[in-house]
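In this document, chain identifiers A, B, C and D correspond to the written order of the chains, with residue numbering beginning at 1 in each.
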Amino acid sequence: MEVYSTGYTAETERFGKEMESSTKKIIPGFGLTFGITVTFLGLLVILPLSYIVIYTLKLSPERFFQVIFSKRVVTSFALSLSSALIATLVNTVMGVVIAFVLVRYEFPGKRIMDALIEIPFALPTSVAGISLTALYGERGVMGKLYSHLGISVAYTRLGIIIALTFVSIPYVVRSVEPVLNNLDHSIEEAAGSMGASRSLIFRRVIFPEIAPAVFSGAALSFGRCLGEYGSVVFIAGNMPYKTEIVPIIIMSRLQEFNYSEASAIAFVMLIFSFMILFISNIVSSHNIKIKAGIR
Amino acid sequence: MRRKLSLLLLTSILMSLVLTGCGFNRDKDGNTTSERVTLINVSYDPTRELYESYNRYFERKWKKSTGQSLDVIQSHGGSGKQALEVANGLKADVVTLALAYDTDSIAKSGLIASDWQKRLPDNSCPYYSTIVFLVRKGNPKHIRDWDDLVRPDVSVLTPNPKTSGGARWNYLAAYAYALEKYDNDSTKVFGFMRDLYRNVSVLDSGARASTTSFTENGQGDVLICWENEAYLTEKNDKGDYQIIYPSVSVKAETPVSIVDSVVKSHGTKKIAENYLKGLYDERAQEICARNYYRPSDQRVLDKYKKYFPTDFKMVTIDDFGGWEKVAKKHFSNGGIFDRIYS
Amino acid sequence: MKEKGNSKAIKWLLIIISAVFLFIMVIMPLFTVISGALQKGLGFYIGAITDKYTLKALILTIKAAFASVIVTSIFGLIAAWAVTRYSFPGKKIIKSIIDIPVTISPVICGMIFLLLFGRQGFIYPLLDKVGIDVIFAVPGIIIVTVFVTLPMVFREIVPVLEARGTQEEEAAAMMGADGWTIFRRVTFPSVKWPFIYGIILSASRAMGEFGAVSVISGHLRGLTNTLPLHIEILFNEFNTTEAFAVSSILVILSIALMLLRLLLQQYSSRKRT
Amino acid sequence: MYVALDDVNKNYGDYKASDHVSFSIEKGKLTGLLGPSGSGKTTILRMIAGLETPDSGTISIDGTVVNDIPASKRGIGFVFQNYALFSYMSVYDNIAFGLSVKKVPKDRIKSRVNELISLVGLKGMENRYPSQLSGGQRQRVAFARAIAPGPKLLLLDEPFAAIDAKVRVELRTWLKEMIEKLSITSIFVTHDQDEAIEVADQIIIIDHGRVEQSGTPVEIYQQPRTAFTASFVGNATVIPDYHIFSHFEDIHGANTAVIRPEFLHLTRAGEVEQFPNSSEVGTVESILFRGSHMEIKVWVKGSLLTVNRPIEESRVEIGEKVHIFIYQIFVTTRDKVYHLKNKALYDDSVVI
């Protein structure tokens, strides 16, 4: 069962004039349910979020740009975006491999592997944070291993990437798995019978089918990594200009009584998140349109 | 009709989650007389152990003298963060923060009377501390004084002055040393400070986090920290670490105060005042000393002389012209610290 | 596809790559938690778990998770009904708004409530007069936890409802059934299992929430410290062993919920065929 | 009249789904709304049911205008195209739903539902779920569910569209008997003319949201009044200009015509021909075996006509030259149909 269903399955939008029908009047309960939903969203989501805008507007435009484009914030955004991107790339490649393995092959311990995918969702981020720090720290097992290779992990960018990778493992796997599942084998067999090699089949037949799911899974994973705080705060060392990701900057601005600057940075973060959400929605609705054969 | 009923049920569940009822029984000047009462003490990072033992002492003492059973709830974190939360609505009855500046910022937000520091003896500091170095066993990098910290081969650990009170005292101690070394030549002093912070490998948000990075995760060669924190670390990890007293440090005054508006609404004014006064009791000063805090009572200080050497220069905040000036000059946006880091 | 020689090699290569990746990225951290927890022996472990502050934090965590499950499930059902049973302009906007809590950073989730209910907000004086504390108190933690888990149940139900179309509800409405009866007898049975998944998901997400809660909790020991926050404090108090011990509670709880989920998945797919 | 639509209009944006639709239906009659898909027939049905509201015009049932009455209060049973059975309720619960919603006492529901279950021939299936039934069985459950509350009007939206051919034929006769036995006024929508002709007492032809013609199946078949009805019903071939056939009266301004196989007679060279000098010469294009007869397509003066020839008569070869006698044709203009007979029939100069 999908954990984070990235695109909604084919919305049965009725197409063709004859079928067009506004069912609002027939099925009772629209007024009540719509009313409750909108008021609830208004109070619990829109009202609080508006405070970010209210406090951002308290800054004069110059001050706003001064804050956003200050060297420390820019490097922090660069760090956050690049680390999130790398983590997402790792999880995209591994996600497709794992999804493929889980759907296509039978092997001992398959159920265990399937359960392992869920753990990053289940595990609280602070627990992940301290265990990764211990594991990759100077005294940790992996930490020692890496230090033999002359690489230090905890308190460096690599540590951040590892934490982000851990947190976002399930997104691509869970997004690709169902698509692979109900991909009918006949198209592969058709291509195979025509002498296509396995890699050609994967490239030309399978990948186009799963590409939208891979993309929306990656988009979700990227959004999640961008905002991650719990696991990173322990392992990152939070050195300005080196390992200070954006959520940590927001947190420190908050601790410096600086609501407006924290809101300004949060505002820019929100824009990034909405862009990602927007792109992933477009891809999934595009995906639905193709699937439902509607142009 | 049935739908109206279910809607009512739904809203009542939601409301009950939000409302937290509290009963009222007060004596004539507004102090609560209920049989069981809680007191919230918002403090900074390293005082966890101190207040654990003091709270047990005071709760017993209060029970004996008034029959009321008291439950003191602690909250620890970076001093700046704690000040923000109290100013923002965290209902603290008393605040025991790392520096007067943070308590002043709460006072400025209207929750504490402006002359709060005069309400208790010794500038409302029942205990104070100073800033020392903590090095690995045997002092491999031969660190004697602040000069050694700027050497390129030395990596230093200190928290972020923007969020941690302790880090501000660390900064001021270093600054005092530089002023004396370069007899107030500001460019040289600035150069010294920049070299010092260039050697900082991890900038944690609170003093305790910084200590954890140094001890648990083996970061850095020297940790600039509170004297009490250094002794606590030594006690925990028998002999792995060594304390070094620099030639110049600061008298780190850590004042305490009640939060006027909160004690009024909670009706805990009398208890809170006695709670803080209690810190000056002889037994309490002993508790402070045993937790490696320098007691304000001279007699107890001498008794624990072994832990609290005084053969070094202790600059006070007044020598810098008070927190207002210091905060503006050093720690505000674009201040000296920011310039060190840009 | 007959498994030719080289495709067998590819098969095992892919399996090994996946296994190694998951071993390093998931099993080792888990192992670190468990070994860290038992470092000082079982006695210490039991002591750590039954410590006064740990139990209080656990109770608060469960309270917050319980509250968030109730609100997200009721909201999820109502919103899913409104969004899938009717076609109206602005449907996509509502869906995106509901997605917001999952896409923005937890720190921002905590911060917006700090700004809203903090002393400078306009709500604070009103609540203060009535004697209600929201932020730095239990209600604040519950509200933030509800916010972070809001879309969980909704996102599980909507795809199923959309795939079903609205004809059954239309038929029931034709026969004079009122909204509640249609929901109870026609719509809900079809989303029972995804609804239960959603609840389990929202519970495990609520228990694990750290970033948002730490902004507005105030870290009052034994009062507003949820388990994840208590772990952070223990970690900051040199008690790494105790921190890992308490973490293991959360690990066990979340893995238990996960196994429950997998069991339900089996049970529901068997029942349906 | 039991059900009456008066100048009903409905459009979606610029698309006119119903264009001045007016017709009436007698009580107890089974009426078929026949038309191609996208013609607006389902919209009309849904408007009668209350699932859609007309932009203008009135709909009245049993004398009362129902425009503003909600669907549930119109006393209508509706059978959806793909059944819309409650997938999580048993057959028994599905059929009982309408009654249980009206708070009918349990025992009366039980007897009513059992009665219906035996009526629709689903004895022993009470506890099955819809997913465990065949298409035909589901259709019968949908029917039983719709009539359970004893509606005064039954509406069926393409009831047999989703059923395979053989079962469909059986269900048609079954439905006709059911409705006659229960004597419920019923309207059903279909795009299959055989179904309409076979089942309906009255047919209303709908195209592009307009009522083309309404009447008994025989009237519709034999006296089409519009070009559309003529071409839509029966196995019609449309001829762009009928003047190529010489033996017909010339109607000024009309040239398209509709010819049905039963209008023609094929005689091979050497066979006795009734009207030898007023038939046309044609060459055989193709021959289809239709069980009871052979369906032969013949090129006659550039038009490909279809004629039926009984199985018993001798086989025709492809390419063979034959004589085609055209008894009658429908000459059509936009909204008029002329029923012309071959002149040869008038001057009865018949060769005995």
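The rule is short, and it goes like this: a contact is a pair of C-beta atoms (placed from the backbone, for glycine too) under 8 Å apart; a residue touches a chain by one contact, two chains touch by 3 or more.
All figures in this text were calculated on a predicted structure; none of them were measured in a lab.
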For subunit A and subunit C, chains touching each: B, D
Winner on C-beta contact pairs when A-B is weighed against A-D: A-B
Distance between chain centroids, defined by C-alpha means - subunit A, subunit B (Å): 39
Separation of mean Cα positions, subunit D and subunit C [Å, integer]: 56
Subunit B-subunit C separation of Cα centroids, rounded to whole Å: 35
Sites on subunit B at which at least two other chains make contact: 3, 87, 216
Interface hub residues of subunit A, defined as touching at least two other chains: 23, 26, 32, 251, 254
Two or more partner chains touched - positions in subunit C: 114, 120, 143, 170, 173-174, 178-180, 235, 240
All chain pairs that touch each other: A-B, A-C, A-D, B-C, C-D
Subunit A residues touching subunit C - in the complex, by the definition given at the top: 1-5, 8-13, 22-24, 26-30, 32-34, 36-38, 40-41, 44-49, 51-52, 54-55, 94, 97-98, 100-101, 105, 107, 109, 113-128, 130-132, 134-135, 140-142, 162, 165-166, 169, 185, 188-189, 192, 198, 220, 223-224, 226-230, 234, 246-247, 250-251, 254, 259, 262-263, 266, 269-270, 273-274, 276-278, 281
Residue numbers on subunit C that touch subunit D, as the complex places them: 164, 167-168, 170-177, 181, 185-186, 189-190
For the subunit C and subunit B complex, residues of the former touching the latter: 67, 70-71, 74, 114, 117-120, 124, 128, 131-139, 142-143, 178-180, 218-223, 233, 235-238, 240
Subunit D residues within the subunit A interface of the complex: 12, 15, 17, 37-40, 42-43, 46, 50-53, 70-71
Residue ranges of subunit B touching subunit C (in the complex, touch as defined): 2-3, 6, 10, 13-14, 17-20, 22, 40, 42, 45, 48, 73-77, 85, 87-91, 109, 206, 208-209, 211-212, 215-216, 236, 265
